[in-house]
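Reviewing the structure listed below.
Which chain is which? They are A, B, C, D and E, in the order written, and residues in each are numbered from 1.
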Amino acid sequence: MQYVKLVIAAVFVSNFVLAQFLGLCPFIGVSKKTSSAVGMGIAVIFVMTLASFVTYLVYWKLLYMPLGIGVDARDYLNIVVFIVVIASLVQFVEMVLQKSMPALYRALGIYLPLITTNCAVLGVAQLNISRFGSGGFAAGLLGATLNGFASGLGFTLALLLMSAIRERLDEADVPLPFRGVPIAFVVASALALAFLGFSGMA
Amino acid sequence: MHLLKEITKGIIRENPVLVLLIGLCPTLAVTSRITDAVGMSIAAAFVLICSNLIISMIKDVIPKKIRIPCYIVVIATFVTLVQMFMAAYFPDLNDSLGIFIPLIVVNCIILGRAEAFAGRNGILASAADGLGMSMGFAFALLVISFVREVLGSWSIGGIPVSDGGFAPMAVMIMAPGAFVVVALILGLMNALRDRKRTCAVAGALNREITLYAASKPEALKLARADNTDPG
Amino acid sequence: MCPVLPVTVAASAGGYTLFGVLVMLVIGAVLGLVLFAASRFFKTDVDERVEKILDVLPNVNCGACGFGGCAAYAEAVVYKGSACSLCAPGGADVECRIAEIMGASVGDREPLVAVVHCGGGTRSAHSAAGYYGIASCRAASVPGLNSPKACVFGCLGMGDCVAACKFDAMVMGDDGLPLVIESNCVACGACVRACPRNIIQLHPLKSFVHVYCINTDKGRDVRKACDIGCIACMKCEKICPVDAIHVINNVAVIDYDKCISCGKCVKECPQGIIVNMRKTRKEIDRLRQPVPGGTS
Amino acid sequence: MPPDLQVSVSPHIRSQETVPRIMWTVAGALVPAGLVGLYVFGWRILVVVSLSVLSCIVTEAASLRARKLPLARLRDGSAVVTGVLLAFVLPPHAAWYVPVVGGMVAIGLAKQLFGGLGHNVFNPALIGRAFLQFAFPLQLNHAEWPYLIRRPLLEIFRGDVASADAIAGATPLAVLKDAPGEVFSGGWSFWDLFSGYMPGCIGETSSVAIILGGALLIALGYVNWRLPVAYLAALVAGVLLFPVAGADGALRAGLPAIFDGTYPWQNLAVHVFSGGLMLGAFFMITDMVTSPMTSRGQVIYGVIGGIMVALIRLYGGYPEGVCYSILIANGFRPMIDRFTMPPRVFGQRDIAAGGTS
Amino acid sequence: MRSFRGGVHPPDMKHLSADAPIEVLAAPEQLVVPLSQHIGAPARPIVQAGDDVRVGQLIGEASGFVSAAVHSPVSGKVKAVTRTRHPLGNTVDALLIENDGQDRMAERVGEDNPNWRDVSPRDIVDTAMKAGIVGMGGATFPTHVKLSPPESKHIDTVILNAAECEPYLTCDYRLLLERTEDVIEGLKLLVRALTPPDAPPNRVSGIIAVEANKKDVFLKLQDMLQDKTNLLARLMPVKYPQGAEKQLIKTVLNREVPPQSQRGLPMDVGVVVQNVGTALALYEAVRFNKPLYERVLTVSGDAIDTPGNLLVRVGTSTEHVLKARGITDSASVVISGGPMMGIALSRLSTPVNKGTSGLLALSSSENWETMPCISCGACVRHCPMQLIPSKFSTLGDVGRYDETEHWNVIDCIECGVCTYVCPSRRPIVQHVKIGKAVVVPLMRARAEELRRQQEKEHG
């Protein structure tokens, strides 16, 4: 039950894009067409879950305990390590996909390099560390991965809604200076307003 | 001379946030208070200029294939420097910016400029471009945070402006407010640019239009009727 | 991965830096190896032009071109032939570099300009009925809709060509007829395709005598539709010294290869539908010359 | 012979149905709810309603002028309907700037910026309401809302909400949120709840008047009955089925309580008949511009809205979830249209059955 | 009564001219007989200026299989080969004939052909071709083409379309009322023409489908067809566009003709639909070998003094017909055909042709200012072809007409129901026409491209 609440919280309350402003560049860039939005959404869920799992593992098992990186002043390396791990993880996944499942790569692959420079992935990795540090290692790992998956889900939900709305807005008589990105921001603000209804979720 | 042009380019014509639409995540996140905006733009400026410098120096050394990971590592080291400096001297700013300091690493402006400009131009030009871009970024952040803070909490930089008769619109500090303010500013920018272009085009053309109109068969016939033969 | 590294480094400042470098080396080496193995094991061949374009693109993956990222855009240009000019941050220089890679070159032909072959504006062309419907030429000439203008061939004046022109070379006059700003016109043909009644054609810029009518009805019907339409009186055909103008299917048509723009037919035409643009062009060229000392 | 004839593409005759007629009919259907509000809260609500409508009209006129469009479009009455709907979801004691800012945001931001009538993706009145909820939280939270004590009908114009004889109390939903136990202890019965004689926003208290207006719209065919029914059914299902922490903290779904007769029916009554649910179900979610076209789409749209209300009311921080649920449903609408309205044509499905060759 | 989904109920305004019996309108002095009064290639003139012609004499022969012959409606002298306006808006070649007023008949026209009852199916189709019979419901498709379906398609029903669902029009109603026996004979001829020689006589059944607002005709038909095994009358609910082919077949036989993307035709579901006037013309051609040079049309509308149904010679100018029934100055729209699918004429010199089923003069000057689409779904609910009409207008507003192909714009029968019910007064049918003008060339180019590729592979 407590995990269900975590998922609802991650998808609606603190939605990655609409409440925490993470991953905005691809969110605005890719939501022009629903087909590319679906591809991007799946890629983001896939990578964020994987990244959460791996970074949490690397941080607690590899860096924090044995090497003491996490301890007081010596956590200076975690940004660098995280970003390198994520970059190589994405590179690795991209190559595996390109070879083993070309169809999936064709639909998904073109977004994978995009994710390396995506604030959302590093963001979720960083948040996982600070948020799930307290409980036991196993519970923390499960929580982090679930949070990664739920945040990815929230990102994809917002992305799909946004792409369908923007396709409908292509037929709307939006005033000239507001066409394209400005109206996308207004839609994002309305969606954020709607999701604020869930704030204060117990 | 060409360096100055490089710098001014970044502020208005190719403003990273308002024109190229990159680096949006921090723009919306940290502009609920002017102090945060100032802190973030200085941090970003430091990282951008230094990383541009370093990258333009080592760009020939790095093999083509893995240039992005190398750029990332360079930027990450500078970000770590900033984070430690911030934690030491400005702990409250560090808390309010929170996760967005490490996120400077993947900030599209810095990596974008590193790849598109620093990786291909000289050291001095890259530094100038870095300066220009960060000034543009700072300009955008300041404008947005000024609007959001005044409307959202009736204060500028923390000092309350006036009781204003009715309570401040707290929504401006929240997420929807951020999106709306950015949308309106972008719209305004587009409107100004379009109007400037259409005035320029119309101005140059109207004398030619009257001449072309006068050469139409109808106009010639009317002119011939009251025998002012245009020849 | 071995569970615990033997870490007993003293907590002195030196220890930190040495330790930091050590960790980075280890991680860098390990990941580098993994990536190297992966790139070797999962080798796939890609059209080298995609690589070249990818180098030219800023790789910001901003998505402004509408594709997922720069790699997707590069593939689209090579495989699907998308336009080279979609990269917003890249701007003009990226566009021409992509064009070079793709081998598209722009040949130079004799300069052409668009000419609207209809002179019947609101003052001389008669209206047949009030039109209620979508204000576009294409909409007003759909089958099943009688022509609101008495002349079935003439310009409807609802500005499809002005809307189609992206170079500000087409402006709607106050008499309901479009005016071509010849200096802006790059003869791209957008207005020719946009006009549903095929009134606009591209002619060599150097010749400046044009017939402003394409009504192929007999003279008697033309008079009923328009005061200045071509009534196929054959006068221009007789007077022309180089036999460049002929009345084909009840309307005078100029053969621009033979025409020397002498203007004899202009004075001869009783309807005044043939016009000489020489004087107008001279005035406009003078207008466009930079006034000595001022900036044009 | 007749002078100049008219030429247009066929058909040359039109039905009597026009957009202004629809909009003014909707405005008329809102009148009963307004009258009950007038009786319960006194003349103060006329100030709020007129301010809201005025602000909407002025903003629409200004933006039409700015977009260089003919001002005649004001005649279609859509700004008036948005103004009235916005006023009906505001508290009776709202300060002057609340309806004015609400109107500007509703028409300026949520409607004209998207391209005017027909192009907006979100319901303008609700965007205004949600914006005000966070812009002026003090005005709109659910505690201490005044309403007039029971008085004969004729003395409406003497009493004033701000005057002494108005008593204040939390809205039933607020009571349900904090202390689900004694919902009906506040002095009003189920009939007060149903007729609308209780604290709440201007036009949303009286379920009877709203259902009356809604029935008129359904009869005239402007509203498809499936949408409000789906919305209300989804809410009731949600409220019953979603597990709620009982007094002892254990999570118990509502359903088992029904079978052993211990389910507090008055809680369900409060959920359904109080707050903005009725107004939302019959007037807000059924706004033609922001709701799907096909019946199937409208049912899915209503169910999504209903579930969202249940989620917000049971788990969220705010007692009233209708406004946000409909905005979220508006967000889903383009996607619903994509799936429930694919390209189709006569004779495509049962070619096998129809054709003999 | 079962019916198709969608459709709309405009006020039928038939009371204006329903009781007026059919009157003959005298032919004017000059007639302009268009050579292209049908779907298909225009007829080739076989007379020159100055020739003398008689009533019913062939003056334009069909050029090609899908074409129709044209006969002289009056006797007199051919003045000239000129051009005139076709109601669709384009100009077509025509013959200007001066009427000498004596109505001298061409040879054998009007004589009673004794053994007309047992004429072979082959001869019926030949007579239809020689007499220039075309569909008179408004589509003007040459009848002999419809009566000779390919062998693969076996027809089991002929439906006589007496729906006349367009408001104001009552010519089919009057024809059925006054000449019921001839129409039934015409139907029998149609049935015999479509019965394959080896099949039993009642293999093909004939149905006369009448709308419920014309109950008197239905009752009369019912008792006249009682003893016939394969002929019957069917009552249909009053709904526009009941008379459209696909909707008529769905209502009468509950079969659905496949869409345009599979080149669906009524033949594919074993049905041929013919208009009442066409059946009558076939009967007169077979029995009295009288070619089609005159037809009954309704002159009505609130700007006509005395509305009525007239037997008019083809080639008479609209002005002459309207003047005969007194057109007032309050007329702002003159329509050739019905108000829902008819064409507004800009010049009254346009002559009447074989497909003109009505000439209306309306004074409606409603303000039709277009408003944006509020997605109320009325057009989607009422579209008889079950398309999504709002898509055509919203895509049209932003000029993306090529995408309307995805929404099946080519299947739209332009019945006008969506524009009729649209509260925002959006000209959806005009958007459809533009969509078709954009999409059809695209499809043709794509088919061409496909064909060339296949050739390259096999070649």
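One rule holds in what follows: a residue touches a chain if its C-beta (ideal position, glycine included) is under 8 Å from a C-beta of that chain, and two chains touch if they have at least 3 such contacts.
None of the values given here were measured: they were computed from a predicted structure.
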| item | value |
| --- | --- |
| Neighbouring chains shared between chain D and chain E, ordered by label | A, C |
| Pair sharing more residue contacts (C-beta pairs) when A-D is set against A-E | A-D |
| Chain whose Cα centroid lies at the greatest distance from that of chain C | D |
| Centroid spacing, where centroids are CA-atom means, of chain A and chain B in whole angstrom | 24 |
| Centre distance in Å when chain C and chain E are each reduced to the mean of their C-alpha atoms | 44 |
| Separation of chain A from chain C, taking each centre as the mean of its C-alpha atoms, in whole Å | 41 |
| Shared-contact residues (touching 2 or more other chains) in chain B | 21-22, 68, 108, 111, 171, 174, 176, 180 |
| Set of chain C residues in contact with two or more other chains | 35, 62, 64, 128-129, 132-133, 142, 144-146, 148 |
| Multi-partner residues of chain D (at least 2 other chains) | 5-10, 109, 115-116, 119, 131, 134 |
| Every chain pair in contact, whichever chains are involved | A-B, A-C, A-D, A-E, B-C, B-D, C-D, C-E, D-E |
| Chain E residues touching chain C - in the complex, by the definition given at the top | 83, 85, 87-91, 343-347, 368, 370, 396, 414, 427, 430-431, 433-434, 437 |
| Residues of chain A touching chain E in the complex | 170-171, 173 |
| Chain A-facing residues of chain E, complex | 372, 394-395, 397-398, 400 |
| Chain C - residues contacting chain D, complex | 127-133, 142, 144-146, 148 |
| Chain B residues touching chain A - in the complex, by the definition given at the top | 21-26, 28-29, 68-69, 72-73, 76-77, 79-80, 83-84, 99, 102-103, 105-108, 111, 171, 174-180, 182-184, 186-191, 194 |
